[in-house]
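Two complexes come next, and they have one chain in common, subunit A, joined by subunit B in the first and subunit C in the second.
Entry: the complex of A and B
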């Protein structure tokens, strides 16, 4: 072993040791509980989990909300990113700063603001009743709608920023060229913008989907226990039932879903890029 | 050579720098109001005992898990728990029986707090009532089943089963329907009633600190809370009352216990006895942190209003026995998840 290599290993050793002891070992201990019974190693904790109708419902709800939030964030994100990308440089800087601003505010504070906006006497209900769209205030808080709105607002900037970055790297004359050749806006988006910004979409999609799956504060505050998600269920299993096996199962599922999403989106991007 | 010299020097420095070994007592308590506890309980006790208190905080389940993990080599000497968590710890042999001869103040506390787990495993140090709070200019509350009245449809929040107040709420609803079943821990009727009205309940809250905001935003008109949440609720600029429904109110008891295997048995008892004394219970009550179990404590009217105070209040409380809670907790959670949480 050369001296340089040895010195390199010595330099990374403290950080590696710290991560191994402070992160990998506890995570392994927690996750291994999902595969263990007193009688030995097993997958029965997983079969029990998916056999329970409540847990199944929570799993599908989490998945469904994650997908919906990601899809809507992508749709609105493209519109926002295109508008920001077309703005003059000075306005663009300000708009990006405005977009980033919420990321500097605690998710707890942002989520509590939604309690005020979505409540019976909140801004939204006052607006709806004053224009006559509804006679009675709508029940939005503590429903899936509230969780959806909260998650969308939480992760929207993480979708838009990579899209802006991708749009900046796209040749500026491709869209005017397509227009001159008679392409519709839908064709331009589908055949030019989408393929050329796929990397941004993959990054933004992964951050938004994984973030929605693993968010705790927003579903807990806006959904409460009537809209259980995997994260809130995990907390319940640990804090109330002392059931670390179920908690481990949920943690494994969340990690698996996050990794699978990342791999799948990357492959999708590569496949499209390979054409 | 360098390492050896460094080690020897560090050891020598430690020997010189170490103060005379003061006794250390590690206590495990709830995280709330620690500043107040430090002022009225911890610091005065340290002055008396010439010892150092090490305070660890957390909720019941966190601290029970830690106690269990360190059972072979306990790191805690005295622990404060909800009575049901203490019983669970006692049944896992994590607690040591108290020596009542060392607790001179036990005779001065309410009977229900003197030996709540049996076999002298713990003593109660505070208690609280649990009842319905409601917007009195909007609705009236006569019984526990009024929580499901037409005027409260879509305007009531109940505690989730995962909170301490959750089972107490089911207990009182079940008592209103069939008291005999309630005492046996069979809450099937109450759970069915909540399930039937699930869509008319705004939320099943996790923290009582949510309730003042929900009332103030007119999201709800009524809820069920522990008395410890009352100061925050009564301070909102709306007319809110603490209901005394037919059938009374429920409540909870928090207890102190000595951890099995501790080497500080004597100091632990001294600390518990100090906590139960009239002087300390009065100071804690005046700080409006915990309601006193010591019957000699006297506080002014305003302080009493903020607490669960006095023999009349104590007598109106139907405690849910910790053994019933332990025995049925899992089945309540399963029934709740099957019928309500879906």
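Entry: the complex of A and C
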């Protein structure tokens, strides 16, 4: 082994060992626990988990929310990114700053604001009843809607920012050229913008989807025990019932979804980019 | 089309930023419970935040944790980033994947794993596990941001220093390090903010009198429905904005994010 290779190994060793022993090892032991009972290796923790209708509901709800948040964020995100990309450079800089700043603020603070807006005596209900649109306060808080709104606001910047940077890399005149040649807006979006910004969509989509699936703060504050998602269910099972079997199963599901989404979407992005 | 685009931007930005304005106003309420519009304006809940002892303790813990974990992550991450950029490290791809693993593993699993398989069997304190978990979480950021700054720096200025008689370490400390200083400071700020705002890793790592500030806020709001959390949220938002805007002005933080 040459000198620089040895020096390189020595330099990466501390960080690598730290993560391997202090991080991956405990996680690995936890995950393997999901496949064990005192009697030995088994899948019965999983079959028990999915036999419970409440847990199944939480599982499907988590997916449903993840998918709808990602889809709505992508649609709204494209419209927003296109509008920002069209703005003059000065206001563009300001708009991008407005997208980045919320990312630096505590998710607890960001989510708590929705409690103030969506609650029974919150801003929205006060506004709606005072203009006479509703007589009774709307019950939004502790429903899937509240969690959806909270997640959308939390992850929207992570969807839009990669879209903006892919739009910036797109040649400026392809859209005017397509229009001159008579393409409809739908055709322009579907056949030009979408293929050319695929990478940004994949990055933003991964961050939003995995972020929503593994969110804790938003469902905890806005959903409570009525709208459990996988992470809030995990927390509840451990802190209320010491139920490590279900917790292990949820951990395996969460990590599998996170790794699978990351790997799959990375493949998708490079497969297209390679052509 | 232009007008539609502008209208959309106004709605989107209101959706993103509007809630902050509302929460700041709510935090300035003079009333007893959380409501909008607030019952008159006063600073009583802002003052109250500083009087709640558990918030003072958890703020101190989060501050120490944010600074400490980021520093350890940088001390471990800078050499790794340097080796990955400058040297031909055997198994570099595998090492890169390993070093980004903490971003992919959901935080709540990390917290639970550290609690069950480190804190409980070893009897080590929860605080130590917090430092461990946060450091692991921040190493990927430290490596990525430092590696990006190193890639933008010519490797031959270091060779020149060595040719002129500096040792390898001397060349790194006196030539390379000053040139990537801004990148490292940006990594520090990003790391600190990430740790300070982090919830899932810290969620299970609580004990009697030990909780990070965001976890403490979650625990507090389970039993209290007063404007103090709104006041504290507003203060934290202003604090983050202050840090980020200062960093942007001094370092151009956005180049590193």
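Definition applied: the second predicted complex is superposed on the first by the 260 of 275 C-alpha atoms of A that agree within 3 Å, B and C clash if a C-alpha of one lies under 4 Å from a C-alpha of the other, contacts with A are read in each partner's own complex, and residues count from 1 in each chain.
The rule is short, and it goes like this: contacts are C-beta pairs under 8 Å (C-beta built on N, C-alpha and C of every residue); 3 or more make two chains touch, one makes a residue touch a chain.
If you're wondering where the values come from, they're calculated on a predicted model, not measured in any experiment.
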Open item on the list: Using the superposition on subunit A, tell me whether subunit B and subunit C clash or fit.
Closed with: clash
Task: Contacts of A:228 with subunit B and subunit C, given as first, second, both or neither - done: first
Open item on the list: On the A-aligned overlay, A:259 touches which partner chain: subunit B = first, subunit C = second, or both, or neither?
Closed with: second
TODO: Considering only the touch criterion stated at the top, classify A:196 as touching first (subunit B), second (subunit C), both, or neither.
DONE: neither
TODO: Using the touch definition from the top, say if A:116 reaches subunit B (first), subunit C (second), both or neither.
DONE: both
- [ ] Considering only the touch criterion stated at the top, classify A:141 as touching first (subunit B), second (subunit C), both, or neither.
- [x] first
TODO: Classify the contacts of A:128 with the two partner chains as first (subunit B alone), second (subunit C alone), both, or neither.
DONE: neither
Task: Partner chain(s) touched by A:188 [first = subunit B, second = subunit C, both, neither] - done: neither
- [ ] On the superposed three-chain arrangement, identify whether subunit B or subunit C touches more subunit A residues.
- [x] C
Open item on the list: Just checking: does A:20 make contact with subunit B only, subunit C only, both, or neither of them? Give me first, second, both or neither.
Closed with: second
Open item on the list: Looking at A:86 after the superposition, I want to know if it touches subunit B, subunit C, both of them or none. Which is it: first, second, both, neither?
Closed with: second
TODO: Would you indicate which of the stretches 7-15, 187-195 or 205-213 belonging to subunit B has clashing C-alpha atoms with subunit C?
DONE: 205-213
Task: Shared subunit A contacts, counted only where both subunit B and subunit C touch the same residue - done: 115-116, 119, 121-122, 220, 238
Open item on the list: Looking at the complex, which residues from subunit A come into contact with subunit C?
Closed with: 1, 4-5, 7-12, 14-16, 18-20, 22-27, 29-31, 76, 79-80, 82-84, 86-87, 95, 97-102, 104-110, 112-117, 119, 121-123, 126, 153, 156-157, 214, 216-217, 220-221, 231, 234-235, 238, 244, 247, 251, 254-255, 258-259, 262
Task: Touching residues on subunit C, where the partner in the complex is subunit A - done: 2, 5-6, 8-9, 12-13, 15-17, 19-20, 22-23, 26, 33-37, 76-77, 79-80, 82-84, 86-90, 95, 98-99, 101-102, 104-110, 112-114, 116-118, 132-133, 135-136, 139, 143, 193, 196-197, 199-200, 203-204, 214, 217-218, 221, 229-230, 232-234, 236-237, 240-241, 243-244, 254, 257
- [ ] Would you mind writing out the residues of subunit A in touch with subunit B in their complex?
- [x] 53-54, 57, 115-116, 119-122, 139, 141-142, 220, 224-226, 228, 236, 238-242
Task: Residue ranges of subunit B touching subunit A (in the complex, touch as defined) - done: 59, 61-62, 64-65, 154, 160-162, 198, 201-206, 213, 217-219, 330, 333, 337-338, 341-342
